[in-house]
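Shared between the two complexes below is chain A, which pairs with chain B and chain C, respectively.
Then we have the complex of A and B:
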């Protein structure tokens, strides 16, 4: 007990003691509250003090809150494809505190990836994309939680492509799948595997200046249950013809376009994972909570259009869907047995080979022709590629995808005027369109002309055989 | 650029992704009314090859709602008939984008 001040009255002593007691009581309350928080933290999987700080800005959002954050921490998310979509998606998911993040990709980093695949870097060209992204994400979050043992996010690296043989086993150990791949075959496979393993799928894609985003199989119900969300096959039952499918290498892509779609994927994933489990009806992307079967929505992004964003209401499950209906032809057994051929289903773009041998010549053969014999060189690449690099005196008549319309353009350009005199050589980027264009001219002449030839392998072969300085774009 | 309003007696058709690449346009105005199940015929005539290359594998929306072409074609001879596209409607041709 503190000694009384010499001239302190009894009243004053009493007041001081009372104040001291109140202070101790406040301290006790704080200690009890801290204990309660710690208890709660332990029960909730120990949300460490610095995690409050790290996630504070999203934690105070009513849509997230502590419970939402803890649900993220318990979640396991698989990012299939760590490229233009997967890099930003995985980065935001790791940053947001998803507990387990799977990175699946069988490719290695290439120089042409770097303008958009932001988790990779020049010094990692040739490295596995899963490894490269893992390095970046670890650097971003090089932080150990309170136990000083476990990193905040646990990573699983799957350094191979998704396949019918591995999809079910791998998807089973995750809560949510992100399709960040780049081909129809993987899009159908991933959707099928999500239906069969009961996982919701956040699917995004991008090409040129446009992107698409859909949340599929939400809620994830067994095949035949119409209260489940539709799958990719419900929306797109028929794959596009293989020869019309363009990769980013062929069609081009702007970094921020695919980046936007990857970021939106992470956003949808965060919304799905942080929502209360009881909310069985899909609330993502504005889907209603009525009694009607849930419909998927597609967000379409067109960077050069106005408006840039449009949302279309798509459809509910298809009653005759090959995988999510009550009479599916695609089952776990058919996937496991490897009897499903996704490549055959989507078709293969076979390199064009429609001209007789006599009407084709190699870049080398063309290069050694005397100037007088070179006739007219018609370059059928599009205007943009022609402006990047072109052979002097060649004429640009871009292939239109259709013989009649291309011939009209060629006539306009005057390259068909001297039909019987000078020889015409047709060239393109890879040597496919050039054959189609040559064939169009030959057919127009009734199949008689021998004066139209295609340069085999296009400028790709031109660079390999004749001109190593030719831009390798 | 922003798509202008369709002139009187027309509906707007928006081309996305491969549909836009093939037609080399982002929209057209077509005369209304038009039976929905005739849409692909009209477009394939305007852009030969479009049906096989693009339309058959595309999703189609009318005023941002999905409409199933096969179901509409099946309905065309029935009493309830198929959907009619009317003046001012906005049709979207949405081919799947698979790249990423």
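Then we have the complex of A and C:
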């Protein structure tokens, strides 16, 4: 384009000049970034050259570029929970070149974790999950230099659970938090602490064949500032009833399902961390424009549904939110003082204990009964579990969640026919549903029958007391 | 000529277990509720409890006449809080999704 066209309006000249300035500014930014990188290279020996090669494939994308890569390198990310979500999330974040990675988990590795928690391994069963993941990531991503293993990523290991007492102090030293935990109590706590420390939160969860992902407090603004993104409490002001909360141990989980969600968390984190500071608006997942308060959105994954992915538009900040509104009841002071009881807030599913002592039998007591006295053994686990393992000649009548409908099934199965003759023993996985089923039969008889007994502690106790070969699923 | 409104109702996050283990239900509901008002989502929820839900565990879906905490209601992929909650008046072919939040990890 010529320097100045004769009939160019003043506005057009101004626009052209502004565009030139912007171009120069971009150039300046690149030069500064190169300088910064050289500085780092000088400090770290051959490190920088190595990094161009290592990160080259993501570096050449316009969405990342050198600027984005350097932002990742300066970023500090905390992964809370190093399980099914945290293992893949931490692995991809470390791989992408996040500068500092915090691994926070108070649990130790168990055999039943390994089908999905890919940073742990068989020989590390019993080891702290933070330690175990650290070992994997270090082996995967360190490089040999001057005959010494240099980590590309700095790791902080927090070998304890997140708590109201430790959350603020720890979150303060990070830029971004990933909620990879598995219970509502920690989900509320982590979200509250993110609001109070001004951190964006990438929250994911999974169960069975489904997963959910939400980016919260994006952008992170102080409580009362409606230009901040909503928090977990804005979306879910009340916790779900404890009885409705299923863990992966109870409900089951497919490894690639929770893995998908953990990888998506890493992806959202990379998008958030590598974006230029100036456009720190919720463009990563949300759809807020500059005039209206930013809204969250939830990505839902369902492995056996078509389509597998869908996105829901969620709300903006809640004007009466308990933590992010202008009149919060949850503050730094209340968190620090330990006066907030997240366990009480979310409630606890109370173990069932509804039968008199005389109608309960330990697995050992059942096992030593003579064959003739064993009567009918009714197994109330679901069909899938019954197909995994069952006591010979036991009858499967899955607990339906309700006395009337279960009794109907039991009648159909013919196990209630000999009402007064043979004794009936009821068993389940943990010894809760069996009591409910036993009580259903007792109530049906008008509360008179003594011929129905529950096996205390279910097959879990059965395995501990009677049959160590019983599958420990 | 407004007698019934055809709708797609979906249950996910475990709620499908309460509805015959079926995720997607194509249903149609009366265009007007008992008081001759246009049918809204509040009416739909009552209709689902009375007609579609075979499972006796109503409290896993509705507590004190409102959706239980931990369940999101989506109207055409938007949180119902953006659409007037239970007062949203249903339109033909609306897609209403009930999502139970997951907590595992």
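Just a few scattered comments:
In this section, the second predicted complex is superposed on the first by the 416 of 473 C-alpha atoms of A that agree within 3 Å, B and C clash if a C-alpha of one lies under 4 Å from a C-alpha of the other, contacts with A are read in each partner's own complex, and residues count from 1 in each chain.
Keep this in mind: a contact is a pair of C-beta atoms (placed from the backbone, for glycine too) under 8 Å apart; a residue touches a chain by one contact, two chains touch by 3 or more.
Not measured: the values here are computed from a predicted model.
Aligning the shared chain A places chain B and chain C in steric conflict.
In the superposition on chain A, A:404 makes contact with both chain B and chain C. When the two structures are aligned on the shared chain, A:371 is found in touch with neither chain B nor chain C. Contacts of A:240 after superposition on the shared chain: both chain B and chain C are touched. By the document's definition of touching, of the two partners only chain B reaches A:306; chain C does not.
In the overlay built on the shared chain, the residue A:358 is in contact with neither chain B nor chain C. Counting contacts as defined above, chain A residues 81, 83-85, 180-184, 187, 204-208, 210-212, 235-236, 238-241, 244-248, 251, 253, 258, 295, 298, 300, 302, 305, 310-315, 400-402, 404-405 meet chain B in one complex and chain C in the other. Interface of chain A with chain B (complex): residues 81, 83-85, 180-184, 187, 204-208, 210-212, 235-236, 238-241, 244-248, 251, 253, 258, 261, 295, 298, 300, 302, 304-307, 310-315, 400-402, 404-405. By the touch criterion given at the top, residues 1-3, 16-18, 20-22, 24, 26, 48-49, 52-54, 56-57, 59, 61, 64-66, 68, 92, 94-100 of chain B touch chain A in their complex. Taken together, the chain A residues at the contact with chain C in this complex read 81, 83-86, 179-184, 187, 204-208, 210-212, 235-241, 244-248, 251, 253, 258, 295, 298, 300, 302, 305, 310-315, 400-402, 404-405.
Across the complex, chain C meets chain A through its residues 12-14, 23, 55-57, 59-60, 63, 68-72, 74, 77-79, 81-82, 97, 99-105.
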